[in-house]
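Mind looking over this structure? Questions follow.
Each chain carries a letter (A, B and C) given by its place in the written order, and its residues are counted from 1.
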Amino acid sequence: MKINVTKVFLHILLAAFAIVQVYPLIFLLFFSLKDNNEIYSGNVMGVPHKLHWENYHNALFNANVGHYLVNSIFVTAVVIVVSGILACMVSYAIARMRVRGNNIVKTFFSIGLMIPLHAVLLPVFIMLRNLKMLDTYQAIIVPYIAFALPMAIFFMIGFFQTLPLELEESAFLDGCGIFRTFFTIILPLVKPALATISIFTFLSTWNEMMFAITFINSEKYRTLTVGIMQMVGQYTTDWGSMGAGLVVATLPTVIIYLLFSNQVQSGMVAGAVKG
Amino acid sequence: MQRILGNKKAYLVFVLPAFIIYVVMAFVPIMISGYYSVMEWDGIGDKVYTGISNYLELVKDEAFLLSARNSLILAVASIVGQLIPALFFALVLARNVKGEKVYRTIYFIPVLLSTVVIGQLFLKIYNPDYGALNAIIKCFGGKGADWLGDKRFVLAASFFPIIWQYIGYHMLILYTGIKSVPSEIYEAAQIDGATETQMAVHVTIPLIKNTMKVSLTFAVIGSLKLFDLIWVLTKGGPLHASEVPSTLMYTSIFTRMEYGMGSAMAVFIVVECLLFYFVIEKFFKVEAITY
Amino acid sequence: MKKGLLKWLGLFMSAALVLGCTGCGSSSAPADSGNEAPITESEDNGTPVEEDDAQASGEKVTITLWSQFSDPNSTDGNYVAFYNALESIKTDMPDVEVVHEGTESESYKVKLKTAMAGNELPDVFFNWGAGTMKPYVDAGLVLPLDEYMTDDIKGRILGGTLDNFIFDGNTYGYPYSVAVASLYVNTELFEQNNVKVPETYAELLEAVDAFKSAGITPISLGEKDLWPGLMIYGIHAIRMAGATDFNAALNGTASFNTPELVEAAKLVQELAARGGFGESAMGTSEDDAVAAFKQGKAAMMFMGSWLNGDCEADDAAVKGKINVIKFPAVDGGKGTEDEFHGGSGETFLVSSGTEYPAEAAAVAQYICEKMSKDQYLAGSGMPAWEADMGNTSDVNRLSQEIASLTADATGYVYWLDSLTGGAKADTIMDEIAKLIDGSVTPEDFCINLQTLNE
């Protein structure tokens, strides 16, 4: 009986927190269907009185949203794949390989977590200029990778450390080289962690604006988040249309999250491989 | 074994590609910031070498000290307000609760939304004229307040959404950690008759220490260099009451055109983070756990 | 072992550092305006076009243009005018191709300053005049336009509108609008509450008290964004010290610490303490302040002429009920009602590193002259160039009203933040926020401002 009470209480708690957590999304959807009058008055939190579907028209057809979306997908995909692989390689080396100075390398990469991005905007700009990379896809892809790496490495190291050494031992005994062992045996085992870090990399890349605004001049490389934010005016902003734009920009993040977070769970099976 | 895992060439192959990108686009830039920090420079004219005078000015500057204090408060508040609920929900969800997948998805939603959305939401909640919070307070006969415009409330009011937004983030980190623990370990404990709570405390938590360290490090560093949401909500105001080092740095560089000073603040932030990083590393010095 | 590895990595790092520092200080490199140039795969026909050939055969010159006019669909008068100009320049200047990049205004400042520090300016770019522009002029980053400013062009520019673009006798920009702040009053609220529209400062205070007791915000102020408070203080200082003396204090040739300016600070503080800005001005953003006024929740607002469009917008509850008046004179003040806050100060500058100075200057001039007329017709500020306005009956009622209010203007003080620029502007904004909040005395306020001049 007592257990049941705890259980019921637990489920009420879980459900209540779920309502709190889902509300912002509902707020955004409502927001995107209102006009400024409603947003700046009593009814900003609730259901819109009149549905302003034209906000979506403004957001979708006036700006070059389709093109920006393709750019964002391309940039984000490259960043996730490259930073994911590179981070796994570094974390594996740090976690497993017996080379002195390993800890220094780890701390060295971790400094990247601590860098305030606004401060390095100009230095990164100068690096890109000297490499003749400004106003290209690389102008944002490479810095995004650089700043995704520290977080991914720091996160992944712990997961490599937990893998049993016998895995490599048997692979090496079978004559497997270190690279083949890494790619075919080790990497699949950290899939849940890799999925998690991909979600984080995805979010920071997808939502990044300052680098994208400063390093890109041509509209053909512009990303979606930047495109949407251009609706902010000098003195007035049509917030409803902006909300519609934000809905469009948020949808892919929800989809990506659903895809990757299932990997986190299914990874459990892989984790049991040791047997 | 030893020979293969100690292979220097292989090590280089693993590390070098990431190293090159990281050094060129992140590490050297912050070194350049360090170089700017000993200069007086408006970003366009000539740089004048002034030694450590920017730093001396910084430690005497009350506004900056206040901002540093604010960020420390936030760091502590984040540890309590983010990590504890995150750990709780991660533990519960990882134990195959009914609706695990739905909850896991929903709890992460605030992280998925950009700062602009969360910022707008809380600007509307806190609005003194038509905000939800004041409406509720007035329902109960209270008077309400100008939450983000009043020096007494602004820290609590602006830190709340900052902490809340990332609960789901830490939950996912910890959840991933728990999910990587092979289920045999749980099965063994279950056979021994351990209750859920006992299992969490004696089995799961010790096994995910590493992941908890990651979460803790992210929470502390994230708090110390926080910028986005506080900028959207208060811009450091009113009268600098909610300023954090990053907002002051931003103003220095881009509004006041004091590039040297702003860079000194950046170096301060990095050094402060590094300090806490080492403390956490030391505190959590755990030998590698293999399952 | 460790040594060998770290030596390698260290070696690479120093190489990268060298890369980061090359060109740090060199200001000689002309802006790489060739960024957009690599059109080796020509879009129209797929045959690679050699860049050199293209130019030799007198093909189009590409001029890059940056502005904060980021949203082509905005209904803001300045945005409308800018995009009109961008469209018509295609036919009016066929041998120039203008490539525009618009960035939302907060990010624009960041982008522009970074590009400036990194020596990668576009050919033409939007900027504010006076103190904001001065460091760029001092660093030699912008091109003087005197060479291209023929007497004919000069003759079309209205008097006084160039003042904020002139440094050491050289002119660096063309004007495109004269934006003036005036007191916007909601006549409906005044009538409903039996309050007289103020003609003197005493009447203004009476109106404040009356609205306050009626539960209506007397003057809508978004002090969270700081710059709106500058305008409130600015107009009080103009009324007390007069435009000439206040300008002198702002540019450092006279003191802030005068009895008149102390009195102006006192008035602002008293107005705030009286509840003139409602109870929550410190936490109210400009967006919120405008919305409150637009919805008829506030009786007055002291704001620049860009508010005209909002007041007359179809979705405004106050449409047709708003009037603009001169901010009343203050008894004992040296300034009169005919001195105004605002002026001409936004412009397009030409980078000194441009490859095509003549074309870039022509583009800047074309856009400014075209915008001058169109932004007036679109209901924003007043024109800065002489032009045949044609039929103006459709022009925003308030814009026409402001034009007649300022017909006899005797003096102007430009927006304090653009006028002073950089750290000075930031400090002034801070001090004014403290003044409004009541955490600095008017005397100390003036002393603090005066330290900026020393």
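By definition in this document, contacts are C-beta pairs under 8 Å (C-beta built on N, C-alpha and C of every residue); 3 or more make two chains touch, one makes a residue touch a chain.
Model, not experiment: these values are computed from the prediction.
Student: Name, by label, each chain that touches both members of the pair subunit B and subunit C.
Tutor: A
Student: Considering only C-beta pairs in contact, identify the chain pair with the most of them.
Tutor: If you count contacting C-beta pairs, the leading pair is A-B.
Student: Counting in whole Å, what is the centre-to-centre distance of subunit A and subunit C, each centre being its mean C-alpha position?
Tutor: Chain centroid spacing, subunit A to subunit C, equals 36 Å.
Student: Find the geometric centre of each of subunit A and subunit B from their Cα atoms only, then give the gap between the two centres in Å, rounded to an integer.
Tutor: 15
Student: For subunit C, jot down the residues that touch at least 2 other chains.
Tutor: Correct list: 1, 5, 19-20, 110, 117, 288, 292.
Student: In subunit B, which residues are in touch with two or more of the other chains?
Tutor: Residues 8, 11, 19, 24, 27-29, 32, 43, 127, 253-254, 259.
Student: Which subunit A residues touch at least two other chains?
Tutor: 39-41, 99, 122-123, 126-127, 131, 229, 239
Student: Can you name the residues of subunit B that touch subunit C in the complex?
Tutor: Per the touch definition, subunit B meets subunit C at residues 8, 11-12, 19-20, 23-24, 27-29, 31-32, 42-47, 123, 126-129, 146-150, 234-235, 237-240, 251, 253-259.
Student: Which of the residues in subunit A come into contact with subunit C in the complex?
Tutor: Result: residues 35-37, 39-41, 58, 62-63, 99-101, 104, 121-123, 125-127, 129-131, 134-135, 209-210, 213-214, 217-219, 229-239 of subunit A touch subunit C.
Student: Inside the complex, what are the residues of subunit B that reach subunit A?
Tutor: 1-2, 4-8, 10-11, 13-15, 17-19, 21-22, 24-30, 32-33, 43, 89, 92, 97-118, 120-121, 124-125, 127, 130, 132, 135, 168-169, 172-173, 175-177, 179-184, 210-211, 213-214, 217-218, 221, 224-225, 227, 245-246, 249-250, 253-254, 259, 262-263, 265-266, 269-270, 273-274, 277, 288-291
Student: Which subunit C residues qualify as touching subunit B in the complex?
Tutor: Counting only subunit C, the residues touching subunit B are 1, 4-5, 8-9, 12-13, 16-17, 19-21, 25, 109-110, 113, 116-117, 135-136, 138-139, 141, 223-226, 279-285, 288, 292, 297, 422-423, 425-426, 430, 433-434, 437, 439.
Student: Residue numbers of subunit A touching subunit B in their complex, please.
Tutor: Touch residues, subunit A against subunit B: 10-11, 14, 17-18, 21-22, 24-25, 27-28, 31, 39-42, 44-45, 86-87, 89-90, 92-93, 95-99, 105, 107-120, 122-124, 126-127, 131, 142-143, 145-147, 149-151, 153-155, 158-159, 161-165, 168-169, 172, 177-179, 182, 192-193, 195-196, 199-200, 203, 207, 225, 229, 239, 243, 246, 249-250, 253-254, 257-258, 261-262, 264-265, 267-268, 271-272, 274-275.
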